[in-house]
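In the two complexes below, chain A is the common chain; its partner is chain B in one and chain C in the other.
Right after this comes the complex of A and B.
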């Protein structure tokens, strides 16, 4: 590892959560505008995390603090791996570990909503992880390597050879943003049927750390999506922005999608499309 | 003020509990979340979990059965917390105050910071109560 890689890794560690917080702020402002509301300030997610950090409350289970910290470490590690140009597949597995820690922590709680949310978190993992995995395999097949630099070094946008990945990646963004379906494990929508699902038993500082882990996760997912048009840094930012905006629009026009629909229809359809794209690449 | 103290004022998460209201005040409370009033401008989110809540908005009269639930919800909220009693019933028991099964207003069971009169209370008045409560919280945080 040379010094540049080290600096990039440190930059990833510090900037990714900050960028994730800004993405959350943009998400809330754009969502409000789509609903003809004014919405909160752009920095509202940072105030929310600051508020949660200042609240001292007894944890629902002593194990939760441990799992929250492991989830944060895994989420930040996936950002660091991407920033340092490491194996994207490894980044994907580390990021999946983070989601698993959140679910295991929620199982430790006493609330039935927390347990139900944890179960749905596992369903979610089952639904989007195969799609995401096949998407990364497709990208690696086209760019000729699994490291992030190979993905970003391709002369031609990957999108031209991977058009069938778009629905799958959008599905992953929607789920990782904790947007649709509304009854997903920890939806941002208020008054959903499982309160805050997997987050129900987390409170105070643990919840603040989980929010930061979530921001880091969102940055990883949007970063991997941006590989679809990675001819320059600007094109990557625009691609990530388009994925984010598309996810917000879909969330606002499909308010009544359920997790059953996600598991039975959307996940298989996206997986079939992504696999078809992979087979096409091999037969080419 | 430090960033953490400022955050507490700029991010009040609100929990609404219907103690036995006729639903008039509940509808007005939920109206605050619509595009017309949009309380999210102030960073307010309506949450369903007392462990995440900073402000408890209570509507309706208190009776011996829901008093226990009200105390339970209040005790689960982390400090510092605000309680807002909404509507005539929440403030004093309203027209039901003489009823045999009614204890009275919310302050018979838990300490109330801001009272919102009206039958039903207007959304503007409820939003004003939250802002007033945050002013009170700011004073407490500055003194600490």
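Right after this comes the complex of A and C.
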């Protein structure tokens, strides 16, 4: 590891959560405008987290604090891995570990809604993980290596060779951003059938940290999506922005699906498209 | 000195087992089992200090030994035939007769092959299996001492059947060590069949109708495996007049030659490792007492199947047979991971997951490159430690609450904290970076780059496995308002569990270095690149997470918990609340097993047929 990698890693550690918070802010502003509202200020998510941090609330389980910290560490680690140009598959696995910790923490809680949310969270994991993995395998096949730098070094946008990945990646973004129609495990608005699902039992400081972990996750996912057009830094930002915008639009025009529908129809369809693209790369 | 170590490893367990049978007393038995553990540890470390080496100990290489092996090729099938006739089990009769016919054909029709140059060849692969058998095997045998005592108390037996049980269990360790070390195919077959016998006897140990049915199912399927093994050996002998394994796995020998013997040997490995569509025998084997499941059907015996595939990997690399074997393994990894998800029986979950991971190792063998093979060996070692641990934990919890259903294990952490937390750690070690199982999976995935279909199957299996294990861990940790009522555990129970926990985590963390040790020198330089190279820095991160997490845990474990949010008013009666319509509702919880998607009844036939087609292709591809 040389010094540049180290600086990049540190930058990833600090910037990724901030960037994720900004994404959450943009999300809220854009969603409000789509619904003809003014919406909160751009930095509202940071204020929210600050307020959560100041609250001391009795935990629902002795174990949750532990799993929240582990989820945060894993999420930040996956950002750092990407920033340092490490193996993207490993980064994916580290990120999946973070999602697992969130689910285990929810299982530990005492509310039935929390456990119901954890079950659904696992089914979401099952739905998007293979699609995301195959997408990464496709990108690796085109760019000839598994490390983030070779993904970003390709002269031609990967999109031209990987058009069938778009639905799959969009699906992953929708699930990871917990957006409708896939806000199945943690409904975005309260007072619905799962309350807040997997988040029900997290509160106060734990919840604030979980929110930061979520920001870090969002950055990883959007970053990997941006590899589709990684000819320059600007094009990557634009690509990620387009994915985000598409997700927000879909969020506003669709209703929540059931996990059965996600697992039986949407995930297989996305996976088949991605696999077809992978096979097609091998045919060439 | 080396010969003495090998003698201890192979013969001492048999002697100790016989002593258990003769001396009967429980105290002596405990002492003998503990002594065997110590002896095997010394022997294995002694051998490990010399590896890699070749040796010619008399009891494995002399004329007499080879005659014994030759006789065993008749004796084992004859015994199986006898048992088959006594039970009128058609398939056992059929396949044991086939084995007898093959043995007779070999003796009468083929010229006697020259003995192998050295009877014992010990390389990284054999050493890995040897260490697993000697350490994990010993821990599990020690665990079996208190377990079997409870088990017999529960069954109200008048005469203890433990002496016979421990004879088979201990002798089995010796057979496995012999199998790992022998370089002569005939000796290998002797030990291979001996493990089939042990498995048959131990599955049927409880003598219930279910146990007998399962034992005979295991027997006929493994007899079929024996037929594949023996015909593979005979064909290889016919083709090259060789029984020397290390000479046979030379790729130069096989250029232009028919790969059929290799395909048959690999097929025998697939049967032993319970790959789809042969998985049913391993699931049936779960009726046996838990130490048996942990030792034979997860940590060691089924590893003999992947051992033979890994042994053949130099020949498989780049061939059609290898490519099909990769698909076979990857498909089983995917299919049994899906089946595991639909199960609520904890032992069945473990069984399916075992088959899945064996499939992953077989896929590594099919790829055959040094990188893939060393990943396979690392997986073999770490899986043995982790899955052995999980079996011991489930066995202990089952004896505590009298059920092995995951729904009944809900909230186990408040009833027997040490065992439940060890099980949670084991489940997490199956899926979390930077531990070895995940890294092995990662390495296999990247090494499979030649086959897109195998990669997709692995991706699916990986996601299914994550969901399965997170749900397992989450259910054990599930919060419930029960006051902790820790039950007392014997030191002989908790000691092996903690030792296995330490080895599962320790080996999981040592994986990158194990991997580097196993690679040939040419590729060892780049061994710590890519994902393996990331591990040390991820360890630092994980340690950091551990420290932060433990600090918070220490702070929070004293906190008063909030009342559960149940969307209603908690009522006076425990577990009920006043909810919608002003009614009193009783709270109940349960996992969603999505049996409509992952149900055994629905999937087994369909996936089994697909896997069967792949195995046919494996043999057919070699004939053409």
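Heads up, the rule we're going with is that the second predicted complex is superposed on the first by the 279 of 284 C-alpha atoms of A that agree within 3 Å, B and C clash if a C-alpha of one lies under 4 Å from a C-alpha of the other, contacts with A are read in each partner's own complex, and residues count from 1 in each chain.
Convention: a contact is a pair of C-beta atoms (placed from the backbone, for glycine too) under 8 Å apart; a residue touches a chain by one contact, two chains touch by 3 or more.
Keep in mind that what you see is a predicted model, and the values were worked out from it rather than measured.
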item: Which superposed partner A:144 touches (first chain B, second chain C, both, neither); value: neither
item: First (chain B), second (chain C), both or neither touched by A:57; value: both
item: Contacts of A:130 with chain B and chain C, given as first, second, both or neither; value: second
item: Partner chain in contact with A:81 - chain B first, chain C second, else both or neither; value: second
item: First, second, both or neither for A:41, with chain B first and chain C second; value: first
item: Partner chain in contact with A:163 - chain B first, chain C second, else both or neither; value: neither
item: Chain B versus chain C as contact partner of A:104, first or second or both or neither; value: second
item: Which partner reaches more residues of chain A (counting touched residues only), chain B or chain C; value: C
item: Contacts of A:28 with chain B and chain C, given as first, second, both or neither; value: first
item: First, second, both or neither for A:268, with chain B first and chain C second; value: neither
item: Overlap of chain C and chain B interfaces on chain A (superposed complexes); value: 57, 60, 195, 200-201, 203
item: Touching residues on chain A, where the partner in the complex is chain C; value: 1, 57-70, 73-74, 77, 81, 86-87, 89-90, 93-94, 96-97, 100, 103-104, 106-115, 118-119, 122-123, 125-126, 129-130, 133-134, 137, 141, 146-147, 195, 200-201, 203, 260, 263-264, 271, 275, 278-279, 281-282
item: Chain C to chain A touching residues, read off their complex; value: 341, 428, 431-433, 438, 442, 445-446, 449, 452-453, 455-456, 459-460, 462-464, 466-467, 470-471, 473-475, 477-481, 530-531, 534, 537-538, 541-542, 544-545, 548-550, 552-553, 555-557, 559-567, 587, 589, 591-592, 594, 596-597
item: Chain A residues within the chain B interface of the complex; value: 28, 32, 35-41, 44, 46-51, 53-57, 60, 190-191, 195-196, 200-201, 203-204, 207
item: Chain B residues touching chain A - in the complex, by the definition given at the top; value: 3-8, 10-11, 13, 33, 35, 38, 40-43, 45-49, 51-52, 54, 78-79
